[in-house]
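In this document, chain identifiers A, B and C correspond to the written order of the chains, with residue numbering beginning at 1 in each.
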Amino acid sequence: MAPLLAVRDLTMRFGGLTAVDALSFEAREGEITAVIGPNGAGKTTVFNCITGFYRPTSGSLALARGGGFALERMPGHLIARRARVARTFQNIRLFAGMTVLENLMVAQHNMLMPNVARGLLAVFGLGGHAKLERAAIEKARLWLDAIGLTARADDPAGALPYGAQRRLEIARAMCTDPVLLCLDEPAAGLNPRESDELSNLLRQIRSGMAGLPGCSILLIEHDMGVVMRISDHIVVLDHGRKISDGTPDQVSHDPKVIAAYLGEGDEDEIPAEAQA
Amino acid sequence: MAYALQQLINGVTLGMIYGLIAVGYTMVYGIIGMINFAHGDIFMVGAFLSLIALTGLAALGISSVPLALAITLVFAAGLAALYGWTVERVAYRPLRGSFRLAPLISAIGMSIVLQNFVQVSQGARVKPMAALIPGGMPLMRDGTFTVQLSWMQIAIVITTLVMLAAFTWLVTRTPLGRAMRACEQDLKMAGLLGIDTDRTISLTFVIGAALAAVAGLLFLLYYGVIDFFIGFVAGVKAFTAAVLGGIGSLPGAVLGGLAIGLIETFWSAYFSVQYKDVASFSILVLVLIFMPTGILGRADVEKV
Amino acid sequence: MKPLRDAGLSALVALGLFGVMIGLKTDAGPHSLVLRARPWAVAAAVAAVFFGRLAMLYWRQWRPAGTPSPRHVAATLSRIGRYAAPLLLAFAITLPLYAGRYWLDLGVLVLTYVMLGWGLNIVVGLAGLLDLGYVAFYAVGAYSYALLAQTFDLGFWTCLPLAGLLAALWGVMLGFPVLRLRGDYLAIVTLAFGEIIRIVLLNWVSLTGGPNGLSGIPRPTLFGLKFNGGGGPGSFADFFGLEPSISQRVVYLYFVILGLALLTNWVSLRLRRLPLGRAWEALREDEVACRSLGINVTVTKLTAFAIGAAFGGFAGAFFATRQAFISPESFTFIESAVVLAIVVLGGLGSQLGTALAALVMIGGAEVFRDLQEYRMLIFGLALVVVMVVRPRGLVSGRTPSVALGGRRHIGADMMSEGHG
């Protein structure tokens, strides 16, 4: 499969701290790529660079869609709008005071209101807004069915149980019609049953479901059960560097990964680094 | 050259007064993250309390100026501290942890209350006062222009420095100061660790108000006239100073005060007196837009 | 005995606060200031605090046990709202039938603030952007109309859209640099902008007349018919064969501002259910999430600023034509504070709440007019008390803009108040 997102020599420094150090990896089209690593490995920083919340210190982020996009040079909202990279957040960021349905409608903002002039014309019922609105509600309804929240469409998002909020955030991101969906720890705080449901949902998103197009997924996750079950490809980070890259089977047998996770061999490595 | 030197002296004096007020803004903002809108009016109340005290002392026949000033300073700072405490207790504490706009509106309400309270109780007229510390020393002569360093200016600078030194000692060397710094870092955590956060916040308001009252006394001595409205503009400028210096930073507040005092004085001297407030306000806008962390402030990385 | 002790302590604090400030008044003497003692005034103030505090404490103790929860109150209010809004509208439309000149003038004043409140509500209530300099746009509208009308001899209805447009332009110009700022910083910068505009109006004498202001601003006409007290050819009274009367103009002005206010309301309500308004509310809830969904945060904020400013500009033009005279004195910070207070007191984002708050506050201030200088004192105290008692305002919460089933009211405790 062709690489959808190619990360090349990505480096991100905050003052004297190097959070991500010359990282390169690829996320292929139609696959679920997982980025794993211990806490503080720089995973979320990579996500923030990809989705435009941080500007990388150096390196390139090439998205192969249409004529190609250089994400490292694009403002955040255009990454979602033009390059079609959507994301969720580690600490859920729903519009808590708006209903579930409204959350999904806001996600379709650019489809509903291509520019300000059209948005203002709609005040007077011009510009064919009503038709667009109906289409947007239809799409929202499909996603509500997919995540099993149709019955709660008119409840405020903040009142949903935790697991449902996670699912809603994913559906909201999907309503922007992304080609790449970046999920930051979607299984965090879920119980085993909810984790299973999530795994199924993510597989469905990858392959596409009734009436809804498929989408490649980039995933940060600590729940190894979920990662091993659904990932096609895993990238392992530690201290901002890539230490392993491959299929779930390859990665889980990589001694360097085991060392990073279990803390083995630290005593051996530190002097080695000091000598270098 | 001589003219510029004179402006420098005047600017530093004015800047010291702004710096004293700015400390109150910066402390309160540091701890509870709100702009204490009524702080400028506490400064105004302090100036009025000083005026009443000085007038009263003169009527009682106390002719020693240093004694009268010392009594006034303690008196005005003490009573203004009570005002600061009351404002916090009545208008802010019940709203702590509530909806963010509510304390702001309540603070604006308090500002209106203080202004109109003073207007009602002391009258709307401008209050003049004869110079208490006249004279000074000529520093330099340039043709017909003499650079004057008045005793008053020296007194203002010395008082401010003493106040700030005492205050710095309080914040860095005492248990109260440690509690204040802990609350500034994390109010909730400080509370969990057994710090009486309500008391600490109250004391912050008390200290800020006392410093503002000293600034009020100095303002009264320097300009010789006050009215019930001086708090608004001085408050906005002092807040500008706090932001310019980096909000939350005490040396920053003083530095910012000096900068605002100098900018205002030089602007008035070389450009236009009418637009001097525009200069200060424009600085505020520019600083907030281009360096929102100020000169000595901490960078605030947006967490996503 | 505890309430007594508590009230005693309050009285002691009050004695400290009032003893000097009220007790010793500085008066101009022959040479310098002299002090005049007013012990009875202090005693009265301290007694008021003592008994006030006592009453408050007893009220808290004896308050009926089944106090309704805030959520319940909000739900009840929103239910009442469904009937209150049409009633209020009917009352507003029929007012000129039975009200005299005094009440109509007051009605015009209240409606001006209702309109300003609704305009600011777009910025603060929907988009969550804290604006303390709203009066700047009111001033831009007023001066735009006055200058356009006097320089180019244009009528009110020609200038009105221009005044709104100019105010919107200023909204964008002032909004653009401050978009990155959040919360209180935004508030203080907008306050500074408001003051800058006022100081410029005060000092640019050749254009604005400085402190003397502009006078002789033309009155509005109805399809070219003038409303002047003397009647004469081309006047409203002459055309319809009526007795010329100044009250015809008051009624006309009343309907003009009622129409403008209703226009503001209609546009706000309409926008709320459209993508733009939904994006504003989403922005108030979570700006970062908006960005991640491809919403251009800059443009969205600017539209809120511009549309809010435009309505401020309309209101300003109306103010100028109603007064026929404007000066910088009418555009002080206190005006911004009053309008913001109306919006917050009404309950952020609530149209009905804003209207009620304007009615209560502006009408209330009018009731206290005889108290003169005590009026603003009471106003300030009322602000503090209302905020402490109902921090979320009179009518809080929101109604969803779109629903599959029925629209159910969302409590304010769910909503975010915005960070910008």
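Everything that follows uses one rule, which is that a contact is a pair of C-beta atoms (placed from the backbone, for glycine too) under 8 Å apart; a residue touches a chain by one contact, two chains touch by 3 or more.
Note that the structure is predicted; figures quoted are calculated from it, not measured.
By the count of C-beta pairs in contact, the leading chain pair is B-C. When chain centres are defined as mean Cα coordinates, A lies farthest from chain B.
Inter-chain centre distance (chain A to chain C, centres taken as mean C-alpha positions): 44 Å.
The distance from the centre of chain A to the centre of chain B, with each centre set as the mean of the Cα atoms, comes to 49 Å.
Chain B and chain C have centres, each the mean of its CA atoms, that are 30 Å apart. For chain A, the set of residues that touch two or more other chains comprises 53, 89. For chain B, residues touching at least two other chains, in rising order: 302, 304. In chain C, the residues that touch at least two other chains are 288. On the side of chain A, the complex with chain C involves touching residues 51-53, 76-81, 86-87, 89, 93-99, 101-102, 105-107, 109-110, 112-113, 116, 119-120, 122-123, 129, 133, 137, 141, 150, 153-156, 158-159, 172-173, 176.
On chain C, the positions that touch chain A within their shared complex are 267, 270-271, 274-276, 278-279, 281-282, 285-286, 288-297, 299, 303, 398, 400-408, 410-411, 414-416.
Across the interface of their complex, chain C is touched by residues 29, 33-35, 45, 48-49, 51-53, 55-56, 58-59, 79, 82-83, 86, 90-91, 94-95, 98-106, 108-125, 127-130, 232, 236, 239-240, 243, 274-275, 277-278, 281-282, 284-285, 288-289, 292, 302, 304 of chain B.
Contact residues of chain C toward chain B in the complex are 13, 16-18, 20-22, 24-28, 32-35, 124, 130, 177-178, 180-181, 183-185, 187-189, 191-193, 195-196, 199-200, 202-203, 288, 333-334, 337, 340-341, 344-345, 348, 373-374, 376-377, 379-384, 387-388, 391-392, 412, 417.
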